[in-house]
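In what follows, subunit A forms one complex with subunit B and a second complex with subunit C.
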Partner chain A sequence: MMALPYLMIIPLFGAFSMPMVSLAGRKAREAWAVLISGATLAVGSWVFYRVYEKGTVLYTLGAKSPLGQANFPIRIVWEVDLFGALMVLMVAFVSFMAVLYSLGYMRHDTGLDKYYTLILILELGMLGIAITGDLFNFYVFLEIMSIASYALVAFRNDTQEGIEAGIKYMLVGSMASSLILLGIALLYGQYGTLTMGYLALKLSQNATVVGKVALALLTSGLLFKSGASPVHMWLADAHPAAPSSISAMLSGLVIKIGGIYALARIAFSVYGISISVKTVGWLIILFACITLIVGNAMAVIQTDMKRLLAYSSVGQIGYILLGIGIGLAAYGSRTGEIALAGAIYHTFNHALMKGLLFLIAGAVIHQLGTRDLNDLSGLAKTMPKTTFAFLIGAAAIVGMPPLNGFASKWLIYESSALFNPVLGAIAIIGTAFCTAAYVRVLYTFFGRPSEKVMEAKDPEKSMLWPMVILTIAIIVMGLFPWGISDKVMIPAARALENQLAYVATLMGGG
Partner chain B sequence: MIQFQFITAFLLIALGIYAFLAKNNLLKLILALNIIDSGIHLLLISLGYRVELNEIPTAPIYTGYETLKSPMVGPLPQALVLTSIVIGVCVLALAIALTINAYRHYGTLDVRALRRLRG
Partner chain C sequence: MFGYWDALYFLFVFIIGLILAYLLDRWAKRSGMGTRKTGPGAKIFISGEDPDRVIPGFEHLEGHYTGRNVMWGLTYALKRFFTVLRADHTGLLTDYASYLVIVTAFVMGVLLIWG
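This part shows the complex of A and B:
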């Protein structure tokens, strides 16, 4: 499929031509950024459509077939199944919204050519992780994504908040990357290949101790990157410190692609049946339960709006991990399939919801210069559109029925209750905390107006439109919950679960 | 035969992890990350090194390999390590830039002082 390389070429070209284009002025720079991310979204949508219609796509760099003369893969391959294609669509869409939003939000900052370069590189890294089928290639894209996000968290380097958060994020992130690289090195040493599909074949023939140690290293590194408890501390510092458009990308995309997606890909497509799925599944479930309780409970007591949203992200990551864990522990059964579909669905939904909520937080900061909830009382009077969007986003993240969060959370509740009622109870408790946190914010917004909020007004068009589009997306997705679930999410879960098809596509038998 | 390069590699990684956990100076933490990376690079390079028939392997050059008597080392790990070193340099540069900025804001390199974000 020839469109796949353009998913890399367009953002890469756009990113590195950005400093030259911005010599022509602010207008040219903004137009270029929108054009590049829009084109990426178009290619991403085409890739998704193509994979949805015709099944898994394999692209080999440098040759027609990945196989050499000895009949095993010797080239770097990109392999996109429905799960990967869904992630591509999600990344391209939310990144496009973030770039649009940046036009208004970042107008008063300096160094914007570097900002747009970094944001496009961040998008590139995430797209690369979603499409790659090679472990070392995955590591390279992971580092591209991570380095861009370290730099973006510390983008406002005149504030000590940005610097401190950036350093914490960078130290933890580099440590996690080292663990992942060590895992990859061990796998290469044991099996002599880096192609995920072929590695899966080798592992199913002979799963050695070294292979299992590598799994432990990869899993711990990826749990670090996804911000699972008890190592979520960096997330609560890093996500609020970044500019809001970047927070939306970090919370909505980076922790999903660099953590959840990669974890699911390695656990299901690479290891799959060659490990004891019960043990690994329960381990992930354990972390998921801690994460979803800690994250949601910590969100309740925050007074900083963006910090509350960041902790809420930790909590939602807990739900997604719970889905992945149950999918692994109940591998091959109907319950596992539902759990996995719920996890994938929630990943997509949470990207939209948390993207929207962070953009709203950014609009509030832009107007009032503060994100302390104690100062934001009565915002509904002066910023009605923003408050309405927040109401929709909060209702969706809590899981109110007519919105998109309901269906995905329902799938996770249903499967966890079927799998083990205790897990279902824990998930419900997490939601209770989550509801409390968001009701608190809404209560503040609809409260008696304080003097400070009287001059505020709804943000300008370039900031309002992304919020409107995301709100519409949330409402529209909420109108067809079961249709989307049956048509897209369940097939995506099946594609992820079907290790045999993944290997067969690579080896040319599929 | 025990392969000493593997032991050295894992010693380096362990040393780096120890320094990362025990030290408080920002520059030392960055060095610790680099030591871990070096350990992993040594491990990767050692994986490609193979002694066959007691012959020391040569560099992987494809032109004129028919006349070559000894085995060649694996070229793939070297490519991987090269890539990984470039990534490491990137992270290092960013880390040092951030450290300089942190020194400006906090007046110290002690990580224990970087605790103003709370909640």
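This part shows the complex of A and C:
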């Protein structure tokens, strides 16, 4: 498929040409950033449509076939199934919104050539992770994404908070990356291949202790990257410290692609049934339960709006992990399939919801210069459009019908209750905390106007439009929940579960 | 199984919820009113701080309203839980690294024994 390389070429070219384009002035730089991320979205949409219509796509770098002279794959491949394609669409869409929003939000900042370069590199890294079928290639993209994230968290280097969060994130993130790299090295040493599909074949023929150690290293590294509790603490430092457009990408995309997606891909497509899926499933469920309780509970007691949103992201990751865990533990059953579809659905929904909520937080900070909830009473009076968008985002994330968050959470609740009622109860407790956290914010926004908020007003158009588009997406997706679930999410879950098809596509039988 | 969902049903539920809220509001007003129709007695107290009350010595905070005590009941009831959670989030890099090592060891142990 010839469009697939452009998913890499466009943002890469855009990022590295950005400093030169910046010489032509601010307007040229902004137009270039919008053009590049818009073109990436167009290609991403095309890739999604193509995969949706015609099935998994395989692209070999530098040759027609991944197989060399020998009868096994030796070249780097990109293999995009429906799950990967959905992630591509999600990344390209939210990144485009973040770039649009940045036009107004970052107007008063300096060093914007570096900012837009990094944002495009961040997008490139995430897209690469979503499409790659090679483990080392995955690691390279993971590092591209991570390093761009570290730099963007510390972008506002005039604040102590940004630098501290950036350093913490970088140090401990590098540790997690090292674990992942060690896991990949062990797999390469043991099986002599890095191609995911071929590795799956080798693992199914001979699952060794080294393979299990590698899985442990990969799992813990990826749990860290996804912000699962108790290795979530970096997230609450890093996400609030970044500029809000970046927070939206970090919370909406980076933890999903660099953590959840990669974990699911390795657990299902690489290891699959060559290990005890029940053990791995229950392991993930255990972390999921801790994550959704701790994340949502910590959100209740925050006074910093962005920190609250960051902890809420941790909580939502708990639901997604729960779906993936049940998908593994109940592998091959209808319950497992629905749980996995719920997890994929919630991944997509949460990207929209958390993207929106962080953009709103940015608009509030832009107007009032504070993110302390105690200073934001009565914001609804002076920023009505922003508050309405927040109301929609909060209601969706809590899981209120008829918004998109309801459908995905419902699938997770229902499958977890069927799988084990205790898990269903834990998920509901998590939601109770989540509701408490957002009700507090809404009560503040709709409360009596404080003197401080009286001068605030809704943000300018370039900041407002991405918020409006995301709000519309949340509402529209909420109106057709089962259509989306049946036509996209369940087929995506089936594509992820079908390890045989993943291997067959690579080996030429797909 | 697996969710029959129709937006219209939830619209009905929402409308019923609004009616219930209205009835509750009326009931609260009637109960709180006592013998007079105006004054502090007519106020409905749900939760949080009374924004009209000026505490002596804190006049400088007049005009500054917050919603910080909205979830007071929940946070007070789970005070111990929240205290433990708060104490655990130290913000220290060494703790972050320790948790990562512990998680890795735990995952490895589980996978080697039962994987």
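Throughout what follows, the second predicted complex is superposed on the first by the 510 of 510 C-alpha atoms of A that agree within 3 Å, B and C clash if a C-alpha of one lies under 4 Å from a C-alpha of the other, contacts with A are read in each partner's own complex, and residues count from 1 in each chain.
Going forward, a residue touches a chain if its C-beta (ideal position, glycine included) is under 8 Å from a C-beta of that chain, and two chains touch if they have at least 3 such contacts.
Note that the structure is predicted; figures quoted are calculated from it, not measured.
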**Item:** Contacts of A:I163 with subunit B and subunit C, given as first, second, both or neither
**Value:** first
**Message:** Is A:D237 touching anything from subunit B or subunit C once the two structures are fitted on A? First, second, both or neither.
**Reply:** both
**Prompt:** So, A:V140: does it touch subunit B (first), subunit C (second), both, or neither?
**Reply:** first
**Message:** For A:Y6 in the superposed arrangement: first (subunit B), second (subunit C), both or neither?
**Reply:** neither
**Message:** Applying the document's definition of touch, where does A:W465 land relative to subunit B and subunit C: first, second, both, or neither?
**Reply:** neither
**Asked** Counting only touches as set out at the top, which of subunit B and subunit C does A:Y150 meet: first, second, both, neither?
**Response** first
**Message:** Between subunit B and subunit C, whom does A:Y52 touch in the aligned arrangement: first, second, both, or neither?
**Reply:** neither
**Asked** A:G189 contacts which: subunit B (first), subunit C (second), both, neither?
**Response** first
**Request:** Look at A:A176 in the shared chain and tell me whether it touches subunit B only, subunit C only, both, or neither; answer first, second, both or neither.
**Result:** second
**Asked** Which touches a greater number of subunit A residues, subunit B or subunit C?
**Response** C
**Prompt:** Which positions of subunit A sit in both the subunit B and the subunit C interface?
**Reply:** 168, 171, 175, 236-237, 301, 303
**Fill in**
Per the touch rule, the subunit A residues reaching subunit C in their complex are 168, 171-172, 175-176, 179, 209, 212-213, 215-217, 219-221, 223-224, 230-231, 233-234, 236-237, 275-276, 279-280, 283, 294, 297-298, 300-301, 303, 334, 338, 373-375, 377-378, 401-402, 406-407, 410-411, 414-415, 418, 436-437, 439-441, 443-444, 447-452, 478-479, 481-482
**Message:** Residue numbers of subunit B touching subunit A in their complex, please.
**Reply:** 13, 20, 26, 29, 33, 36-37, 40, 43-44, 47, 76-77, 80, 83-84, 87, 90-91, 94-95, 98-99, 101-102, 105-106, 111, 114, 116-117, 119
**Complete:** So, in the complex, the side of subunit A touching subunit B is made of residues 136, 139-140, 143, 147, 150-151, 154, 157, 160-161, 163-168, 170-171, 174-175, 177-178, 181-182, 185, 188-189, 194, 236-237, 241, 301-304, 307
**Prompt:** Which positions of subunit C touch subunit A when the two form their complex?
**Reply:** 1-3, 5, 7, 10-11, 48, 51, 63-68, 70-71, 74-75, 78, 81-82, 85-86, 88-89, 91, 93, 95-97, 99-100, 102-104, 107-108, 110-112, 114-115
